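Each of the next two complexes has chain A plus one more chain, namely chain B in the first and chain C in the second.
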Partner chain A sequence: MIWIETIVNGVLYGGLYGLLGVGLALIVGVMRVVNLSHGEFIVLSAFIGVSLAHVLPGVHPLVLLAPVAVIAFALGFGLQAVLVNRVVTRPDPFASILLTFGVAVVMRNLMVEIFGADPRNLPAGRLAHASTTIAGLQVGVLPILILVVSIALFTLLQLLIMRTRFGRIVRATADNRDVVRLMGVNPGRVYNVVMGLALALASVAGMLLAIRSSFTPYSGVERLLVSFEVVVLGGLGTFWGAMIGGIALGVAELVGLRFDPNSGPLYAHLLFLVVVLMRPNGLFGARS
Partner chain B sequence: MTRTGRMLLGAAGVAAAAGPWWLGDGPMRFLSELFLMLAMAQMWNLLAGYAGLVSMGQQVFVGLGAYCLFATSIALNVAPFWVLPVAPLFCAGVAAVVALFLFRLREAYFAIGTWVFSEVVSLLVSKSERLGGERGMGLPTAKLIDPRWLEPLTFWLSAAIAAGAIAGTYALLRSRVGLGLMTVRDNDLAAASIGVDVWRCRFVAFVLAAAGCGLAGAVSFAATLYAAPSLAFDPNWVVVMMFAVLIGGIGTLEGPIVGVVIYFALRELVTVVFNLSAGWYLVGLGLAAIGVMLFEPAGLWPLVRKRLGGDWLSVQRQPPPADTAAGATGDRTATAAYDRTGVRSP
Partner chain C sequence: MTLLEVDALDAFYGDFQALFGLTITVDAGETVALIGANGAGKTTFLKCLVGLIESKRGAIRFAGEPIDREPAERISRLGLSLVPEGRLLFASLTVEENLTMGALNRRPGSWTLPRVYDLFPVLSERRRQMPNALSGGQQHMVAIGRALMSNPRLLLCDEISLGLAPLVIDQIYASFARIRAEGASIVLVEQDVKRAAGAADRVYCLLKGRVTLQGPARGLALDTLSRAYFGA
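Up next is the complex of A and B:
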């Protein structure tokens, strides 16, 4: 029974990992940019959430998800418009890597200077520990909520990209940024919105993760690694692949922790290596 | 190499050999650190700049080198510097084995794969009680060395490793394998089609870079007499390597030197001169990285070289002088176009 419970919790937790990674998958898929500051933005949104919760003491942290996501969208839009768009057309893959790496280092250390290096978390009152019994299984309310939010956001993203006019423009830009210019699309503007969306999604994940476990300004590196693993496991550019990848990592981590208590993310990493070595393009990537 | 170049090199060698007698303890420790970082940066440059392998897990070899030296030295109860060769050999062995697996991954996948591999090793070492777990391990055998000689020995070793890393990379790149490497970096498909063994070229570079990082890591931690997983497998090792190479100029032998000097100058300027906390020099480092990518994406060395002129440590092959070979000008532009180390001729 305890194993089933662990696996269920892993699935619920993994939805969050998927959410961390899907923003990165979106950016890689649309503009082929590897954003090394993804983790720092996740942590920054958690800090913004904590600060907002401090200013507005009566408001439940889940309500704060919306304003934080809006702020993250604006930050992403600005990051892309001011910095990344200047290097995105360069054929040299190092340009965007080093640029976002610089942004990450600056952000991480500014956060240390501003917020201090102590571990924080986002207090969610009773919700953090509330649990319910479903079919004889003890399941936390928060993890269920997290999975519901993740699936809702994944569905919305899928609809946005596949069914709307904007989504069509994004896909066209991803296919060929030079040809869409002939149709009157400004690829730079599309990229701005995509980066904003990616970071808004990441900020929701960052907030939810901050309720579940504590974070410091240095947590960005771990978050980035998880996001990368999710993207690579799922196969570059597939959203549901990212979700499945996240769930696989979540289950591996929690099951691993169950029979080997001080293993940390060891088993998630091992699963990642095994899967990627067997299928170098990820679970859902095209075989080349 | 010109005669002045040789004389300068000789003078630098003599100055380094005599270092312990004219440098204070502080500067000597500082320079040791700088030399080791330079060697590591040069290794990362060999991988990313010449072999087209972007490793984000190079810190795994720094840590493995350190742990391997500590464990061997303690097990055999001999002074750490006597068993130093085990560190690069062990790292080369590990690299040769993991290359079989990791080389299946390409580009970004390879970068993440190496990073995850490093995290796995770090977690395994933290769980190993024999290696001290998360608390880390000390180096009691260091007392077999006369304490007065510990610092000078570290200094000489570091200087030798840095010189060896640069000379070794130079020699490698001038060799057949080096030529192969550069074709692989520029276009692996084209390289394979003219008969270059892409896999073997990359394998050689990966194994050598692992050995170099292992050696530098071993000396670095032997000097502090203490290794812990959070320090030895710290991703910041690769962050600094990456910074130095990309700021200085990737794919040039001088670039990492320029980058490492800038890195340490920035650190000393902010922490010593302005007396600010270490966080601020990292902020400066990040801003420098952003600035270089926006305004001088090839790094700073090509810019400096354009001003100074000369060949420096270019691995470019020169055609014979014009009077012995007809049409040499044509050859010269052809080789120049091949060489990313030089200023790309318009």
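Up next is the complex of A and C:
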């Protein structure tokens, strides 16, 4: 029974990992750029959430998800408009890698300067430890909530990209950023919105993660690593693949912790290694 | 009335000069063929018109407005529409989504989705398919339809007969009559000299980035043309 519980909790928790990675998958898919500051923005969102919770005591952290997501959208939009659009059209991928790496380093140190290096978390009161019994299984309320939020956001993203006029423009821009210009589309403006969306999604994940476990200004690297693994496991640029990849990592991590309480995310990383060795294009990527 | 006026246009790829002082005009309602061998500068010329090549000198006026310094996304709104070489359809969009992309910067006019399907009925049957599932000729129809959806005043067609069976080329050329009837001017870039000259009012021949011949398409002498084409 305890194993089933572990796996169920892993699935619930994995939705959060999926959410961490889907923003990165979106950016890679649309503009073929890897944002190495993805993790720092996730951590910054959590700090913004903690600060808001401090300024607005009594407001439940789940309510704060919305304003933090809006702020993260604005930050992403600005990051893209001011910095990344300068390098995105260069044929050399190193330009964007170096740029976003630099942004990550600067942000990490600014966060140490502003917020200090102590571990923080987002207090969620009873919610953090509440649990309920479903079909004889002991399941946390927060993990269920996390999975529901993740699936809802994935569905919304899927609808936005596949069903709306904006989504059509995003896909067309991903296909060919010169040809969309002939239809009056400015690719840079599309990228601004896409980066905003990616970081808004990541900020929600960052907040939920901050309820579950503590973080410091240095946590960005670990967040980026998970995001990367999600993107690669799912197959570059696929949304639902990212979700399934996240769930696989979540299950591997919690099952690993049952075996070996000191392992941390080791087994998730091992799973990643095995999958990449066996299927270099990810679980759902096209076989080359 | 002169719709397009290009005066002494030079274009560059880095240090390499691709166009030398091109002077070309297109009148409203006219079909102009631009012929020349591979590397003559035909595609470069079209890219200059729509704003995809920035390093250029000279004047380009479209409907009286100077457009040589305008970015591509602005030029397209004025009614200049390109059917690019190799079609360049959006691979992750369905046929119908590809067509609606063309309507993003739509000007008032008669071309609508139903009218494009009427012009190319086969596209209506395949509206939900992805472009890669279509034959080469059908993909060209999507590319032309996409360009028409903006109701262009000037339609630029780059090598639309390349790699197609003669019967399919006939079909596509037959559509030009209806496109002209709706009031659009057309620039045809072709390597197939006979076909282009047959469809056009006037012909320009390019060789190594320079205009070597221009004149009415009717009564074009084959030996003059071949000299202009090959430079022999």
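One rule holds for everything that comes next: the second predicted complex is superposed on the first by the 288 of 288 C-alpha atoms of A that agree within 3 Å, B and C clash if a C-alpha of one lies under 4 Å from a C-alpha of the other, contacts with A are read in each partner's own complex, and residues count from 1 in each chain.
Assume contacts are C-beta pairs under 8 Å (C-beta built on N, C-alpha and C of every residue); 3 or more make two chains touch, one makes a residue touch a chain.
Just so you know, these numbers come straight off a predicted model, no measurement behind them.
K.L.:
Scan A:277 for contacts with chain B and chain C and give back first, second, both or neither.
P.N.:
In the superposed model, A:277 contacts chain B only, not chain C.
K.L.:
Between chain B and chain C, whom does A:229 touch in the aligned arrangement: first, second, both, or neither?
P.N.:
The first partner, chain B, only.
K.L.:
Looking at the overlay, does A:174 come into contact with chain B only (first), chain C only (second), both, or neither?
P.N.:
Second partner only.
K.L.:
Now for A:265: first (chain B), second (chain C), both, or neither, which partner does it touch?
P.N.:
The answer is first: A:265 touches chain B but not chain C.
K.L.:
For the overlaid complexes, name the partner, chain B or chain C, with more touching residues on chain A.
P.N.:
Touching more of chain A: B.
K.L.:
Applying the touch criterion given at the start, work out whether A:182 contacts chain B, chain C, both or neither, answering first, second, both or neither.
P.N.:
Only chain C; A:182 stays clear of chain B.
K.L.:
Just chain B (first), just chain C (second), both, or neither: which does A:118 touch?
P.N.:
Neither partner.
K.L.:
For chain A, what residues appear in both contact lists, the one with chain B and the one with chain C?
P.N.:
none
K.L.:
Can you list the residues on chain A that touch chain C in the complex?
P.N.:
168-169, 171-172, 174-176, 178-186
K.L.:
Tell me, which parts of chain C touch chain A in their complex?
P.N.:
For this pair, the touching residues of chain C are 50-52, 71-74, 76-77, 81-82, 84, 88, 90-93, 97, 100-102, 104-105, 150.
K.L.:
Okay, in this complex, where on chain A does chain B touch?
P.N.:
Those in contact with chain B are residues 28, 34, 83, 86-87, 90, 92-95, 97-99, 101-110, 112-113, 221, 225, 228-229, 232, 236, 262-266, 269-270, 272-273, 276-277, 280-281.
K.L.:
Would you tell me which residues of chain B are touching chain A in their complex?
P.N.:
Per the touch definition, chain B meets chain A at residues 48, 54, 101, 104-109, 112-113, 115-117, 119-120, 123-124, 126-127, 235, 239, 242-243, 246, 250, 277, 279-280, 282-283, 285-290, 292-294, 297.
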